[in-house]
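In what follows, a structure is listed as structure tokens, so that the remarks can point back to it.
Letters are used for the chains, namely A, B, C, D and E, taken in the order the chains are written, and counting of residues starts over at 1 for each.
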Amino acid sequence: ADNVTLQLKWVTQAQFAGYYVALDKGYYEDADLDVTINPGGPDIAPPQVIAGGGADVVVDWMPSALASREKGVPLVNIAQPFAKSGMELTCLKDTGIKSPKDFPGRTLGVWFFGNEYPFLSWMSKLGIPTDGGPNGVTVLKQGFNVDPLLQKQADCISTMTYNEYWQIIDAGIPADDLVVFKYEDQGVATLEDGLYVMEDKLKNPAFVDKMARFVAASMKGWHWAAEHPEEAAQIVLDNDATGAQTEKHQIRMMKEVAKLLSKDGVLSEAAYTRTVDSLLSGGSDPVITKKPEGAWTHAVTDKM
Amino acid sequence: MPASKDVVVDIQKMSLTFQTADGPVYALSDVDLTINRGDFVSFIGPSGCGKTTLLRVIADLERATAGDILINGVSPRQAREDRAYGYVFQAPALLPWRSIERNVTLPLEIMEISKEERVKRAHDALKLVELNGFEKKFPWQLSGGMQQRASIARALSFDADLLLMDEPFGALDEIVRDHLNEQLLKLWARTNKTVAFVTHSIPEAVFLSSKIVVMSPRPGRIIDVIETDFAKDRTLDIRETPEFLEVAHRVREGLRAGHSYDD
Amino acid sequence: MSGKLDKFCLVGAVFALLSLVFPLSGVDPETGKNVAFVSDLPGLASAMVACVVIGVFFTWSGVTSVLRGSIILLVVIYGAWQAIATLYDHGLAGYASYGFWMFIASLWALVWRGIDVIANYRTLDQGKQQTANIIVPLAFGIWLLFLWEVITAGFGVPQVLLPAPSMIGVRFVNSTGILWDDFRQTFLKAVLAGYVLGCGSGLLVAIAVDRVPFLKRGLLPLGNMVSALPIIGVAPIMVMWFGFDWQSKAAVIVIMTFFPMLVNTVSGLNAAGRLERDLMATYASGYWSTLFRLRLPAALPFIFNALKINSTLALIGAIVAEFFGTPIVGMGFRISTEVGRMNVDMVWAEIALAALAGTAFYGAVALAERKVTSWHPSFRVRRH
Amino acid sequence: MTTDAATLPAARTGPGLWTRMMKGQTGPVCVMLIGLFVIWYIGAIFMNMPGQLDRYARAKQDWTVSQLVEATLNQDRPVLPAPHQVAAEMYKTIFATKITSKRSLVYHTWVTLSSTLLGFGIGTLLGILLAVGIVHVLTLEKSLMPWVISSQTIPILAIAPMIIVVLGAIGLKGLVPKAMISTYLCFFPVTIGMVKGLRSPDHIQLDLMRTYNASRWQTFFALRWPSSMPFLFASLKVAIAISLVGAIVGELPTGAQAGLGARLLAGSYYGQTVQIWAALLTAAFVAAMMVVVVGLFEKRVLERMGVRA
Amino acid sequence: MPASKDVVVDIQKMSLTFQTADGPVYALSDVDLTINRGDFVSFIGPSGCGKTTLLRVIADLERATAGDILINGVSPRQAREDRAYGYVFQAPALLPWRSIERNVTLPLEIMEISKEERVKRAHDALKLVELNGFEKKFPWQLSGGMQQRASIARALSFDADLLLMDEPFGALDEIVRDHLNEQLLKLWARTNKTVAFVTHSIPEAVFLSSKIVVMSPRPGRIIDVIETDFAKDRTLDIRETPEFLEVAHRVREGLRAGHSYDD
């Protein structure tokens, strides 16, 4: 069997259920693959891991992948299991924020570590400076959880439809008391959770073949997971070495993630172009400075 | 027996045993001793017989295992807290981070004496032991004898009524020693201090003392107490007198008795 | 000179000789040819020959004077310059092979010998001695940077893993504005406040513990526990309690630095000798008087020990705590953000700043120690 | 005046249980703990109060003081969990769960402890070796010492991922990389302390060894090593606590798969304060135990060296 | 002048200055000294005159700032490396974590002498200084004089040809001191060792020595060298002879000359 090491972007959770299901259900084995899944964490930058030879294929968000590409890590998108973005900015209704026009003067929580690009390009599109001045917003680097909102340290925080949003709900704040701005709705969505490999490896047809089998098996896993959220969540729980995840939360996450999935994992050129345009339009400080060349390929999905 | 006003040290049936890992060490046994105000008492005895220990008991640095001790009519502890005595240790015990001068002023600082007074007293005391010029040096820059003299100066600057001195002049040459002996005598004659003085030198003991306590080794006992009656303002010349030689002989005999070998 | 051969020079000479013989580079996969030979690189070849010559010469005659040490260092500098030039100008980067590494090994042996001579240099002239004392760690550090540069370039290490020092330097110089803002946020605010509070409270609690035996038995075991609270767990809680700004970082530092100070001070307070304590007892010196006149001075070497350990811990603590939520300024913030952005050179510029600041901080504490505890045997100069 | 031994009435009857407890460690620790718990409860009430009031306001619910207090002590996501909440969580995860389960804190503690001990062992050894080198080789002292210090100012969390990636590339995975990070943090206090300790013998003692023309090693073992013991143990106590911190830090860039660090982090992602505190207290307890063990060693060694009590 | 085979210590025009924070201290100045094999040389002089420093220079513990020193015809350093001498320091310098016995065996351990031999030698040496029974005690459990004796035992167990002794008997009582004086003389007569001996006691110096070096203080100089010709197997009785008293007188005069006060 061929060895494949997959580096996830974040910890073991239903966000990555497809891969765990494929592993657990033997889809990878059927494709003659021996797959190792390495969970990520707050400290793990998938592009760095793959550049250091620690993985064959990584899950990453496109803004971060394209930025890395400019920095000399030639990542290429080979498949895009998530067709839609799950990012949103969630505010407390008490704060009086009703639309993005109300942002100036507010404090907003943002994830950094390469995840800030969608937010920054949104703000530059809105023309709101992020320097903390009176006409701009004050940005906080939010930790991993929703405390800043609950503690009222921030007016709005970044959430994912499938994860942090529900933590706020669980914390006892009903959905009615929240105002949510989905990136998809604001027209600033960028592609998340794609599969990326190093460019030079694609020169090798055997590798392309291996990846084709890998993506196919993964998508099979995703489809199964979308249809069986309870079982998929259980599989995720079984694979979580920290023993900290809860079943209720994972099932819910699985159901939300299912809404974002693409049918076949093939990257949509339109979505790619939209992402690139959004990243290029970053005003004085764009995320990427020039149109990337060869940052994606259908070579793999074509062979599936 | 209530201590009379003029008894400074009153020890009755005192014993002291050290517990060590390999059994008890009987350091002092059944010691009776009275020191009156104005006495100059020398302790002499073989090495390890308990002289230091006895001084330490008086100074409340060691607690007797049995017996009664009164200093100035109060417990050693109370006496210590009253700052009733000045102590010269057998080793210099200078603090390495203080210059010689500041080592000498240490007790005065603790007694919260004003700065000028401290410096003046330190200056006088250091002059007495001939260490002027070394005020700013640190202890490790002095020779052994000089360190010893610094520690004497420290005790003198303190100006207590009772002086406990544990072989203060052991590391000094004969000339300095004679000189300091005389100075000490003058001080004693002038101030009516009480002195308890450990020495190994028989002539020194005889020359200085009004009372010589001869001790025998383990367990330390007092085997002889010799009273002398030289004038308080005696000079070094008395060392040639027959009385002097006689007392010295008696001390030597007592000392010899405490030793096992006879030659 | 003496009958002994100088081993370091011998090693240097042998490796330099070997480097002349062995291939300098691997094979370019596209052309299938060696990238470079000695004959293509007259500069490098001359440096190698120079190393052989001085290596052999000093092996016999010994490196007996600072002058000779300086000659060695000059040759090494020439060699290092040639090595770098070869890497970058002659396309050896990523393809360096045995011969090249042997040359580096030769330089290593020689530079060690050269530094050794200067480290052992003794003179009564204060100025010259000071210069020598500074040159030694500096030369050693420059050598380490050179090794780093050569290794990253020679092996073609991807720059997102480990950038070359030259890149970091360029980035550092070009980002002084950002670096200063981060420094002010993290060091001037969080570190200093946390350090003073943490060390101060450690010291005070140690004295309390010493004063009240009940506390010693009751608090010391609990004190152990507080300090052992891992920062990773404490930092998010502190952010929750004290907000996003520097106060929460200072709180983390207080917790981290408290224990080393407590433990060391408690040991130090017991370090005063028995005779000295007796001495103070004869003066009926009260607790506080004895504390300030005897026990604290005697404890100073231990206290400085803690101050030194804490000076580095504080910086680490502040930076790590910033991983868990900050306003968007600060050294820790920058590091964690720029890693995610693959700007690893910026990360290392911040690390370099942290190292500089931390070393200077430590140096200041060490200097104070030297001033305050110059009486301690470990500082007294020996003449032999 | 008579000496105390005879006058103490307790000497005849023997000290009561209470006295004995208060003389030992148990009593004082208990008293302190009780005090701590009281402060903790009060803190929990006040820190959780704003959130609770908010919740009441949002639900437009009336409340009494006793209700409020009770609610603040039993929140799901408290700012500061009450001791009994943490205790319940600890009981559940330590005693009520099979220790082989991933939900058992014992399992996670063991994962962390193993890399802590390995890192501590290597770090202590490295620290001592460096100190020995620095004390004996002038060139090392002058050139290495400043860089040893600089090494500690490098934020470990920033380079840990690189260490892990590089070690992973040469085939080292699992325990060793985490232990390396422990080592990196804990060798430093040992080096600093030992450099001081190995230099602490009096000059006269060093001179004595010189008159014997003792070799460096003889001087080392007969003089320097024994006189450095107080410094060594003070450093070891700090080092073992730090190496636990290092092991926990090391767990993050390995994907935080298991161990107390992973628990802390997972708790942190989901705002599970109770879980964080349970892991935190466990870590602190483990560290305290290790410090106690080092302390016992110290006592043994000092006793054998004839140091008086 | 090449050192002849029988010169053990050969010092020519030696000076030593200590650099201190507040200026130089001139400890020794222009010292010339020859010690032949089998000599017993006493150094006597006021406190702080440089006796210890001189011994330390011979032992290669201090480096002279000027002058030539040869020990056994080689440099002090070489002599030290040859383990040419045993040194008794002015302070006991016992290692606090070693029992008395293990303190005495320390040099033997370093010379890698077998265990039985070590224990035997330690036993003999401790017996000589009358410390048998205290083998297992730790230094702080001994009195000052006992510590001093332990350090003498340590130097004797070492059995070097040249003995450097810095006030070894300073803290001992007269009887023990006489006893040890005799023991030392016997040892010297029997083994033909060379001894350099610092003392403050004039009788002791005269009784023990074949040569007495009198020094004057800061900067330390040699002001008189007195050769005596008592038989090597002399006994304590000679202290009453006129020759003895005459030599003692000469020493005392020299010593007095070095002091500033005359009384």
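Assume a residue touches a chain if its C-beta (ideal position, glycine included) is under 8 Å from a C-beta of that chain, and two chains touch if they have at least 3 such contacts.
For clarity, every value in this text was computed on a predicted model and none was experimentally measured.
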Partner chains shared by chain C and chain E (touch criterion as defined above): B, D
Co-neighbours of chain D and chain A - touch as defined: C
Interchain contact steps from chain A to chain E (minimum; 1 if touching): 2
Maximum centroid distance from chain B, chain identifier (CA atoms): A
Leading chain pair when contacts are tallied as C-beta pairs: C-D
Distance between chain centroids, defined by C-alpha means - chain A, chain C (Å): 39
Length of the line joining the C-alpha centres of chain B and chain C, rounded to whole Å: 55
For chain B paired with chain E, centre-to-centre distance based on mean C-alpha positions, whole Å: 28
Gap in Å, rounded to a whole number, between the CA centres of chain D and chain C: 24
For chain C, residues contacting two or more additional chains: 161, 236, 240, 274, 323-324, 336, 339, 376, 380
Per-residue multi-chain contacts in chain E, two or more chains: 60-61, 91, 140
Interface hub residues of chain D, defined as touching at least two other chains: 79, 157, 161-162, 165-166, 202-203, 252, 265, 268, 308
In the complex, chain D residues that touch chain E: 202, 204-205, 207-215, 218, 222-223, 226-227, 229, 305-308
Chain C residues within the chain B interface of the complex: 273, 275-276, 278-286, 289, 293-294, 297, 300, 373, 375-376, 380
Touching residues on chain D, where the partner in the complex is chain C: 22, 24-25, 27-29, 31-33, 36, 47, 79-80, 138-139, 141-147, 149-150, 152-159, 161-162, 165-166, 188-189, 192-193, 196, 199-203, 230-231, 233-235, 237-238, 241-242, 244-245, 248-249, 252, 260-261, 264-265, 268, 273, 276, 279-280, 283-288, 291-292, 308
Touch list for chain C against partner chain D, complex: 112, 115-116, 119-120, 133, 136-137, 139-141, 144, 161-162, 214-215, 217-219, 221-222, 224-234, 236-237, 240-241, 259-260, 263-264, 267, 271, 274, 301-302, 305, 308-309, 312-313, 315-316, 319-320, 323-324, 331-332, 335-336, 339, 347, 350-351, 354-355, 357-359, 361-363, 376-378, 380, 382
Complex contacts: residues of chain A adjacent to chain D: 11, 38-45, 48-49, 52-54, 143-147, 150-151, 167, 170-174, 177, 240-246, 249
